[in-house]
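Quick heads-up: structures coming right below.
Note that chain A is present in both complexes that follow, paired respectively with chain B and with chain C.
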Partner chain A sequence: MGSYYDVDDIIAEEEPVSAVFQKPANGVGIDPSAEKNCVDQGSKVELPFWLANELCQRNAVSVLVPPCFDEKTRLEIQADPACVDLRSRSPYFYEFGCKMVPIVADRTLGFLLFSAFRSRYKDVLTKAHTASHVAAPKILSRLTKEEVNLYEAAQSSVAAFKKWRIGGRRFHPASVLGRKRRSEE
Partner chain B sequence: MAVQSEPDYSLFTAQEIEFVAEDELIEIVPNMRMDPLNLICGDFGPFLPQIAAQVPLWLAVALKKRGKCTIRPPEWMSVEKLTHVLEAERDSEREFQSLPFHYVEISRLLFDHARDDIPDGYMVRSLTEDIRDVRFHKVQSSLESFDGRTSAVQIKSLSAMEVNIVRPFVARALQSFQKLDSLLPDTDSMPNNQPQQADKAAKGRRVLRGR
Partner chain C sequence: MYGRKASQLVKELTGGEKGQLKAFNDDLFNQVIKECSSHHVGLQALFRNMQEEGLDIQTTRNADFYGALIHHLSLTRNKRCLMAYMYNRAEVIRSLKWKLGRVLPNELVTKLSNSEKEYFKGYSAALDAYMNEMNLDLTVDMVPPKDPYIQVRVLDDIGEVLLTDRSANLARYSMHFLKRTDAEQYICQGLMEELLS
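Then we have the complex of A and B:
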């Protein structure tokens, strides 16, 4: 899992999940549809993941599988993994999924994430190595954050190699040398 | 050094790899007389006109620039050898032919600085480019065959530059695989947890008995 200061990790935990309250909760305003300042037992509320996770560990809520891992997505991933627009489902599809696995009842979620990544990374690899810069935005718009990182890692190393092969300036002057001295005022 | 590497993406830049490759030894034929050089990496020389000597590539290039020697291209850099290697590379799907670890960098340095010393320079150049392309394509296709249980990749006789190009991708991809793979045992082995454990124990015993 990401480190404490990992921004992506923090944003991934912001994803909303729907949770069903197992116990009534008093004095909290997290359910906007409730008339009173409390949440009844059995009411369904959208919570950010970090809150749902904490409540789930205290057995206060049970978490439903979020819509980005629904049946339709699964079928699309089975049909053609490379073409599924996972970014619109959730930009943190894998990270969020990893966090969801321990708290939802669905046992197939882990396998879904794994098989999706296994069949998608090949496409990321070949496109990163062959696609031109013009085509990049179109490809990137379908990838999740993690896949974009992967794409950029592969792409930048190939670009660096091509640059080296073509040549050009072999020695870069230190940045301080080119600078003009500021005139005294 | 020309460009410092970014810590996040790859361990070395192409320029750094080239710098490392400059330590490879190569044969030169000097046309001047000079005393032996005693360097930290070894003693080279004495240099006598028309008598071949082994020197590091950086020294060879420096002498060549001053017109003090001709460089003898290494054995593998001949049209014959390279044609043979190219054919073999094309024939085998998975195997990589053995070439020097720094063949990409050495050929580039020699083409840049000692083009006139390489017989059939044009042919040699296009052959090395072809070999590099074929090999790189093979590397790509072998990277496409990761599956979940991969924790390391083994490809024999890969060169420094080829490794360096795929390193950032492979490192990240394997990391993600490992992360996602760690989810699997919880999920799909739940119903048959018991037999697996028994199996593991049996395996452990077998190993012990074998010893």
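Then we have the complex of A and C:
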């Protein structure tokens, strides 16, 4: 699990989850369909994961499997894992999935995540090693955050290897400055 | 939805290129704090309800309790987002000292909040004091040197400066053969580039 200050971990926990309230709650405005400021027992509300998780552990809500892990996604992953657009389902597909496993009843979710990552891993690395550096290839738009990190790590290792062989500039302007300074001249 | 604004604040950290700093978002930051205050008010109102009904807050599990719980969770979530925003920015600000030295370019200063400017001053003073005491400049030679002297081209008018071994007129587009340690800070600030033989 990510650290307290981990930005990716925080954003991954913002993913929406459908939850059914087992207990009523007063004085909160999270159910858009309710007339008053309260949630009734049995009403279905879309909550961010961080809230759903804590409520679920206290048995206040039960959580449904999010749509990004639905049957259609599973079939697509079985057919051709490398071509599935996981980013549009959730940019934090794996992290979110791992967080969901303990609180949903679905026992196959963990295996789905594992098999999807394993079969896509090799493909991502191969493409990162062979693709040209200039144009961001189309595949990037299908990858989740985790896979993009992997892709970039692979590319930078190729770049570092080339630099080591050929030599090159050893100093660089600080990256915080961006490329603005050049255009100002 | 609760905590939505706070997560937008955190998302600002990830947008843009890596290692870049965006302007401190005062407006959104204050909105999140305002949301926190309203959670606090909501939380206290529910507790008061329970006390008036003569219920024990520790053990009762009624609708008021779950409402209060949601407010409490939202508070801790908002706090985490605010802390992460400050913490990750502070990390970048500390790295500026190592990369750019004592003085920040104007375009960067405008992106910092007042307390962040103070923080940068304090951090660089602490680091300077330490380096003075050790009599060692830790910020040079971040890349292991191969040669004590390097060939550089000046990209911006720097003017007449005093280097460690001599003084030089660093006019724009002039080329020089400088001591590595002298050139390093200028290259990091984007004022020079290294020429490769």
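In this text, the second predicted complex is superposed on the first by the 164 of 185 C-alpha atoms of A that agree within 3 Å, B and C clash if a C-alpha of one lies under 4 Å from a C-alpha of the other, contacts with A are read in each partner's own complex, and residues count from 1 in each chain.
The working rule: a contact is a pair of C-beta atoms (placed from the backbone, for glycine too) under 8 Å apart; a residue touches a chain by one contact, two chains touch by 3 or more.
A quick note: this is a predicted structure, and the numbers were derived from the prediction, not measured.
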### Query
Can A:122 be said to touch chain B (first), chain C (second), both, or neither?
first
### Message
Applying the document's definition of touch, where does A:101 land relative to chain B and chain C: first, second, both, or neither?
### Response
first
### Which superposed partner A:146 touches (first chain B, second chain C, both, neither)
first
### Summary
chain A residues contacting chain B in one complex and chain C in the other 167, 170-172
### Touching residues on chain A, where the partner in the complex is chain C
4-8, 10-11, 14, 23-28, 30, 38, 46-48, 50-51, 54-55, 58, 60, 167-178, 180-182, 185
### Query
Where on chain C is chain A touching in the complex?
1-4, 7, 10-11, 13-14, 17-21, 42, 45-46, 49, 61, 63-64, 66-71, 73-74, 77, 80-81, 83-84, 87-88, 92, 95-96, 99-100, 105, 107-108, 143, 146, 155-156, 183-184, 187-190, 193-194, 196
## Note on the structure
Listed in rising order, the residues of chain B that touch chain A in the complex are 2-3, 9-10, 13-15, 18, 108, 112, 140, 143-144, 146-148, 161, 164-169, 171-173, 176-177, 179-181, 183-184, 186-188, 190
#### Entry: Touching residues (chain side chain A, partner chain B) in the complex
94, 98, 101-102, 107-111, 113-114, 117-118, 121-122, 125-126, 128-129, 146, 149-150, 153-154, 156-158, 160-161, 163-165, 167, 170-172
